[in-house]
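Quick one: the structure is below, and I'll ask about it shortly.
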Amino acid sequence: MIYQILHKLDQIMHIETAKAHCDIPCGIYDPIIAQIAALTTVRMIDLMKEFEGKNAERNMEYLNAMSRYVTVKEEHAERTKSEVRVIWGDYLKAQHLEKYPDTHALVHKIMQLGSKVRQTTDREQATQLVEAVNEFAQIFWETKGIATKRAKAPYAPALELVYPVL
Amino acid sequence: MIYQILHKLDQIMHIETAKAHCDIPCGIYDPIIAQIAALTTVRMIDLMKEFEGKNAERNMEYLNAMSRYVTVKEEHAERTKSEVRVIWGDYLKAQHLEKYPDTHALVHKIMQLGSKVRQTTDREQATQLVEAVNEFAQIFWETKGIATKRAKAPYAPALELVYPVL
Amino acid sequence: MIYQILHKLDQIMHIETAKAHCDIPCGIYDPIIAQIAALTTVRMIDLMKEFEGKNAERNMEYLNAMSRYVTVKEEHAERTKSEVRVIWGDYLKAQHLEKYPDTHALVHKIMQLGSKVRQTTDREQATQLVEAVNEFAQIFWETKGIATKRAKAPYAPALELVYPVL
Amino acid sequence: MIYQILHKLDQIMHIETAKAHCDIPCGIYDPIIAQIAALTTVRMIDLMKEFEGKNAERNMEYLNAMSRYVTVKEEHAERTKSEVRVIWGDYLKAQHLEKYPDTHALVHKIMQLGSKVRQTTDREQATQLVEAVNEFAQIFWETKGIATKRAKAPYAPALELVYPVL
Amino acid sequence: MIYQILHKLDQIMHIETAKAHCDIPCGIYDPIIAQIAALTTVRMIDLMKEFEGKNAERNMEYLNAMSRYVTVKEEHAERTKSEVRVIWGDYLKAQHLEKYPDTHALVHKIMQLGSKVRQTTDREQATQLVEAVNEFAQIFWETKGIATKRAKAPYAPALELVYPVL
Amino acid sequence: MIYQILHKLDQIMHIETAKAHCDIPCGIYDPIIAQIAALTTVRMIDLMKEFEGKNAERNMEYLNAMSRYVTVKEEHAERTKSEVRVIWGDYLKAQHLEKYPDTHALVHKIMQLGSKVRQTTDREQATQLVEAVNEFAQIFWETKGIATKRAKAPYAPALELVYPVL
């Protein structure tokens, strides 16, 4: 609560700086797209496990379902990486990086986790990816002077995501 | 035969209305692309069954062939949906929808069948998709005042498609 | 406020139905991606107007900037349509459509607005697209028994979007 | 007429050979997709000329429309080339090439025309592309023992296309 | 060595012709992209064999890894074909084809090998694809009057590639 | 020369470490694809300037050529960024980053330059992009223990690229 009030104050006082960030070439950046994509990779691994448990036979139905889950997992791990890269490369400037010096390492970690999620069906890696992207979203909203909260996503696997307080 | 003559008459008399449909932003709409794509999903299911019957072993050759069939099935089910959506959203106007009030429901059904064809390897769903797209093609050509005929496609699985009489 | 309480009650009482919607093939549907994309088309038109006002000369700088804005507008109008189509075709079932019988017409309208936004640089069409997608988001969240609110998007052009209350 | 009868005879007598071409890996080849794409490039050049005539001012509306036409022209010239390449590379085998020894040169010409259509707004090049693809379609259907006819396409610019007689 | 000197001489004497090839619409053609892509298909087959040997169970881990290898193999076989087609269709003109009359047949063979590499997991086909693309690269650099050498690629599977001497 | 000998020695002595980098999930990384893409952005700016100089009229021919150059510039700036991101995220591990601690900042700079090259037609930015990617290539080959050299690219605009000594 105090955190949110402080953020609101921060938001009011930094409005000018915040506007300065918004150079004309900037588009509309929102980490929620990366967060949903990361969450989807967890969901796919859950579906794969559930389906594997139910299907004893390794037939074309098995292959059809499984290879579709793999493809969706691939695409969303990739989208996670791609969306984070765009915000990092296009939005984050020297002044942000000074204030958040670990951002480079965090983004590199997201790239590595994204690849792990593609290479394996390890749910632990996928939830770590969600958490790392949450951390990135937290930094992003802070640079804009917008308070955040954590809430369960309104769809399976219902992990907590970082949302801006609007 | 009588049907075609009636259509020709219809075509002559509606020429002005027909021209009105063709607003400058309209591209070249032809449902045949969606029909070929739908047919391809049936073909892929046939190939999967044939290949499954021949290959006892679940090795890399099996996986290579099967996952390629799944991918092609995915892409063509998606293309079917995408092409139908474009004609529905960009070409069909209020005056067509009044005359063919069930088009919305038909398009929604095509979307659902397209997804079923992706989720399963059920040939019955895929042939229903072909038929639903045929129905859509029939409406499309009627709105243009062009007679249609049904003929077997000149490639496996040789299902009947609706073609314009040119 | 009363609206939200009613929704919460609705949410509690419909939890079983809500779960029933979530068939295993369903992915993670979230209209926010379509809403952000629609908002982006408004932003691009604003940037085009601003840039046009500043640049008297029709040189390669003008063309470089303008054709990039057009491309981004194209892509996001298309994404808006594509994301709405997926939720409509894959998530919305007979029981939803009975309760919201105008959804077909709304989705068709979104397709038409999406095309208008591509064909023109008319800001009015683009804001109508945002509003139509908001309306769609409203229906979507209601079918899931999740209350919604309207809030200004935290980036230019800061139009109001429909958000779920999480 | 005689041509068609001869073709029918040819078709009956070559049915076994025709089947031999259809190896299991072959998909569903149909040059109509390339033909429609080529036709679309002509249409785009027509729309560009029409629009240019109407718009004196070189403003954002001009640029929006024009760069969309260019993009559609690009995509369809590319699709023409891509579809022809697939049929040429995947379907046409040694026995066809012996019978139609100029096919390599024809395909190379289609690639060059396709590029010309991208690089210019020359309608003559685009109609030559349509004609070259018609020639390719003619060969394709002959290898399958299916008679062809020429008919005006049922949409602007209504050039003649080669169609199989089904 | 003598070969390189001859080439250098050839290069000096043909500089004018070489420049004539470089029409303004030409981009930057380099067969190395096709060569790397072809090499990657060999690598994927090696990884599939290695992984198959290690994994007895046909579970979701197996499917995840295998279907990713297949996808990468597909994409790179396709890129090989696509890159070669572009150089062949956009760069090679009548004067080159006269001097290298077998180029059409070579390109057609690359298309066929590329498809074989997609359809099978046969390493022999993939290495033949690499070699055919090397042959194409050789012709390409010769048309530009640039000497070539063969060297092992600096990454697995370390097959020999044709490189320009820069 | 001494540099190359030192590198060769370094290469011999580090062969074991070098192999350790090559984890089974690693593909075939080669910065040349990013380098060619960066070079292409310079070429496009040159072509735009040349074309602008020759065309007084702002007609559809102007727009056709210019918007194609812009699109190719966009795509290749994006490919540059994407290829560098993949090598950085998938290949470069903790041990490399310790040895080359400025890599994060260099990659971030490449992302920013890549965006500048998209947003402007400033040749200076594009040549800086080429140079930054060269620097990245230099680091990459060093981590593999492979010596490099600088040579003019064998196509316009013939800027120097970093090549491995094979």
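Labels for the chains are A, B, C, D, E and F, by order of writing; each one numbers its residues from 1.
The rule we apply is simple: a residue touches a chain if its C-beta (ideal position, glycine included) is under 8 Å from a C-beta of that chain, and two chains touch if they have at least 3 such contacts.
A quick note: this is a predicted structure, and the numbers were derived from the prediction, not measured.
Taking A-B and A-C together, the pair of chains sharing more C-beta contacts is A-C. Spacing of chain E relative to chain F, judged by their CA centroids, is 20 angstrom. Averaged Cα coordinates give chain B a centre that lies 37 Å from the centre of chain E.
Averaged C-alpha coordinates put the centre of chain A at 44 Å from the centre of chain D.
The set of chain C residues touching two or more other chains comprises 58, 63, 67, 71, 119. Viewed as a network of touching protein chains, the structure does not reduce to a path, ring, star or complete graph.
Interface note: chains touch in the pairs A-B, A-C, A-E, A-F, B-C, B-D, B-E, C-D, C-F, D-E, D-F, E-F. Residues 48-49, 52, 58, 63, 66-67, 70-71, 73-74, 118-121 of chain C are the ones that touch chain D when the two sit in their complex.
In the complex of the two chains, the chain B residues touching chain E come out as 58-61, 63-65, 67-68, 71. Across the complex, chain D meets chain B through its residues 22, 24, 27-30, 32-33, 36, 39-40, 43, 47, 50-51, 72, 141, 144, 146, 151-156, 163-164, 166. Within the complex, the chain E residues that touch chain D are 25, 81, 85, 88-90, 92, 97, 104-105, 108, 111-112, 114-115, 119.
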